[in-house]
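Structure first, commentary second.
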Amino acid sequence: MDAILLQILNGLDKGGAYALIALGLTLVFGTLGVVNFAHGALFMLGAFCAVSFNQLIGLEKVTVDPTQMTPWGTPLEIRVPMIEDWLGATGTFILDYSVPFSILMAIPVMIIVGLIMERGLIQFFYRRTHAEQILVTFGLAIVLQELIKTWFGANPIPQVPPDTVRGAADVGTLIGFEAGQIVYPYWRLIYFLFSALIIGGVFAFLQLTTFGMVVRAGMADRETVGLFGIDIERRFTIVFGLAAVVAGLAGVMYTPILPPDYHMGMDFLVLSFVVVVVGGMGSLPGAVAAGFLLGVLQSFASMTEVKSVLPGIDQIIIYLVAVIILLVRPRGLMGRKGVMES
Amino acid sequence: MGILQVQNVNKSFGGLKALNNVNLDITEGTVHAIIGPNGAGKSTLLNCFVGRLRPDTGTVKFNGRSLLGLTPHEINQVGVARVFQTPEIFSDLTLLENVLIPALAVRDGAFRVNTWGRVDSQADVRDRAEALLADVGLADKRHTQSSSLSRGDKRRLELAMCLVQQPKLVLLDEPTAGMSRADTNNTIDLLARMSEQHGVTKIIIEHDMHVVFSLADRVTVFAQGHPIVEGTPDEIKGDPRVQEAYLGGAQV
Amino acid sequence: MTAIKRETARGDLVRFAAFTVVILTMPLWLVPFGAAYPDLMQKFAIYGLFAIGFNILFGLTGYLSFGHAAFLGVGSYTAVWSFKLLGMNPLPAIGLAILLAGAFAWVIGFVSLRRTGIYFSILTLAFAQMSYNLAYSVLTPITNGETGLRVLNSDPRVLDHMIGAGEVEGSLVATLFGVEMNGLPGFYFCAVWLLIGMFVSFKIFRSPFGLMLQAIKSNQNRLNYTGINTRPYALTAFVISGMYAGLAGALLCVTDPLAGAERMQWTASGEVVLMTILGGAGTLLGPMLGAGIIKYSENIFSAFNEQTLHQIFGVLPDGVEGAVVSVAGLFVGEGWHLTLGLLFMLIVIFLPGGLIEGGRRIAGALSRSRKGGGIDHAHPQAAE
């Protein structure tokens, strides 16, 4: 029982990332009708926003203290992060909370990236075939990841969560288990809550605002909404920006869980596409449900007990589920009839 | 006994009864029009004939053989060809290739890996295809890409694609929908000529009464998923129930 | 988007003969390009085959597979196992690789072709990723995981021992009738297979079978109502293209008996898509052209480094030179993939028909202007 609970918990953070990426993919696909293979790159760019923010505030001021000498006879260099030098304790606080603070940088950056991508490239592909959309965004994804590789190198760059949440919570004791049975790192808990918050926010935005209503109507029937004289194109741009921000934030917050490297975007994209297909192309609740479902399934498949019975299952479980779902229930868990079938 | 027999066919979508106890008997060699206001179930009926939909109950028999449960390509292979509302052609291919494909489907069946010969050296099918293209007046365009055709010409091409198969029954779903008056008249002439030359049984689903009265031997009027009147065009013209179905829309 | 197809049997014969001459004389005419060394020419032939096969699926039927690298990998592993168990003769290795890749493609195709469009692409991608992940994990006894599978002196190599060629000094190389399959003989061995592959592709393109495949791409719905069962046609095309990939994978091991799982990664699947569209999907010669250009540029671009760049741009003023070199440096050496990605985008944006289509368009424009704007029957004006 406790092992099962633990595996469910273990799957939630990864599931949250899948759900956030799949949510954006579905939004873009449902409204713009574009299959965006560069969506994973947005997740990766978000993660590297956290990295650059950290590097930026970590810039150090070097002062030389001539009165002191190092053991090998050079003057002692004192390195102080500039931000501490300027802001004192506040600076130390920002340094400690670098990952959450980088959200502030990631939001404008992702909006700009999203706008450039949509206006500069995607908009010209609304009326092209899905194969061409896949190919051009696939090319873009390669370009983005190679640029990141050139700038940040090929190795993963670990990020640390703030000090106070660095440990693990004994979640089990809260629900009546003995201490030490269900121990779960704080940050992964935070990631799960964070993703739930973002998902809730996106849904609230779509349900409660006029803009959201138009977007939902557009997802249901694009042609008709266009006939009402609603400027769909401008809204497309905003939807794309929103999807970019969601993917970016998912990336920022994921950095303490997985040290970002240049190919993380593609790794997650392939899985997220599978998530979208399992959830049902064009269904937002489907994307979210399938994201968490597959995250948890993956976590179960990596249990040693499971692996000893079905070796290698952890490597393929997601793909296997996708194949089965597509064959048994072609429209996915919550897909509507007629989406992408002609 | 007719070539196509429809007995007690019912079909519902959710709570909506699209077809309500439909009985129909199509005589071989006739042109049979099915008319009725929007939502009368005409297209649903046609989709039951071609294997796209399966009726909830009832039977559809073609030459005594049930069509239920057959896939579209199987239904075509037994001799039922179909013309779509908007012309469905192979627009990346040339006109000749468009007509060669159905001809090959008759000669080689639903599936055959025939990789050795060249398409242009299949003299038998090629001659038939060229003759049909000449019949519909498209012979000199046979090597152009078919996407460049006008809508009226696309319809001609589609008819040639049907007739090259020498089907026993052709289903036409609003063959003149969205056409100009001139194109409509051309299509009527063509269809009339085809009836004379090929003598194929045809079922036409149509809105345009001009087309119906120019071509049909018999007419069935549908309302609310059910055939209400059947007769010759002249009988239909004067029938008060027909006017009521179109204008009043009330239950008869 | 036009193409009047009036290719005659004689015209095709001429074209194939010309292709044969061009391929067989590669060691001569590639000299001025600095590409006449055997290793690179082998790659041209092998990846040409891979792309020609992929084109039979994607170019004709329009089904975009993102998992063809899996069949390349299956072909490679099969070939190395054939070397290990049977011996270094490349023929059984190739035969087995084609068969096994074909069988594997049949299974994956049978499942994936139940869906169309993007669902099909994602299914093939999922299958390929599964194969890749398994090759790295549980299948290590067969694939030797990250190290890669290679032929060892201690392997049984039954046939080699039967003919008394079991004891070999130094590294093991595929050998046919006493000729080692590396260097120039290796290239010619691959070239023969390329010619066979190209010939089959010609045959398929012009056959009734090929016409049906094109009809699938053009209007699958119409084809169903025309009495054609489309799924077995698509599956046959899928299996054929899988067999080409298996052959290419085997040839990679014939010229260098080593198979690794990275050959099955989705990036490799993406590469063959790029080769095909670069040259022109659905054209006969396009995929070969695309494969040649990609492999040639990869070779050139990866070889560049800062020093060679400084030599090239040495004539420029110092300040300018530094800037140019640092910008150009992004695209060469390690940055080759960046170039590849950009190329991918540019081709899809500006030349979705590929180079062959672009060439045709230029030729068409030239001949039109020469005729003084005469009517070109190949490019009828849309009448709608």
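In order of appearance the chains are A, B and C, and numbering begins at 1 in each one.
By our rule, a contact is a pair of C-beta atoms (placed from the backbone, for glycine too) under 8 Å apart; a residue touches a chain by one contact, two chains touch by 3 or more.
Which chain is which protein? Per UniProt: B = Branched-chain amino acid transport system ATP-binding protein; C = ABC-type branched-subunit amino acid transport system permease subunit.
Small disclaimer: the values here were computed from a predicted structure and weren't measured.
With centres computed from CA atoms alone, C is the chain lying nearest the middle of all the protein shown. Summarising the inter-chain layout, the chain whose CA centre lies farthest from the centre of chain A is B. Chain B and chain C have centres, each the mean of its CA atoms, that are 44 Å apart. Note: centroid distance chain A to chain C, computed from Cα atoms, is 34 Å. In whole angstrom, the spacing between the mean C-alpha positions of chain A and chain B is 52. For chain C, residues that reach two or more other chains under the stated contact definition are 221. Contact residues on chain A toward chain C in their complex (touch as defined above): 35, 121, 124, 128, 130-132, 134-136, 138-143, 146-147, 149-150, 266, 270, 273-274, 277, 281, 311-312, 315-316, 319-320, 322-323, 326-327, 330, 340-342. Of all residues in chain C, only 62, 64, 111, 114-119, 121-123, 125-127, 129-130, 133-134, 136-139, 221, 266, 270, 273, 277, 330, 334-335, 337-338, 340-345, 348-349, 352 touch chain A in the complex they form.
Residues of chain B that touch chain C in their complex: 50, 71-73, 76-77, 81-82, 84, 88-94, 97, 100-102, 104-106, 108-122, 141, 143-145, 147-151, 153, 161, 165. Chain C meets chain B in the complex at residues 1-6, 8-9, 203-204, 206-212, 214-215, 217-219, 221-230, 232-233, 236, 377, 380-384.
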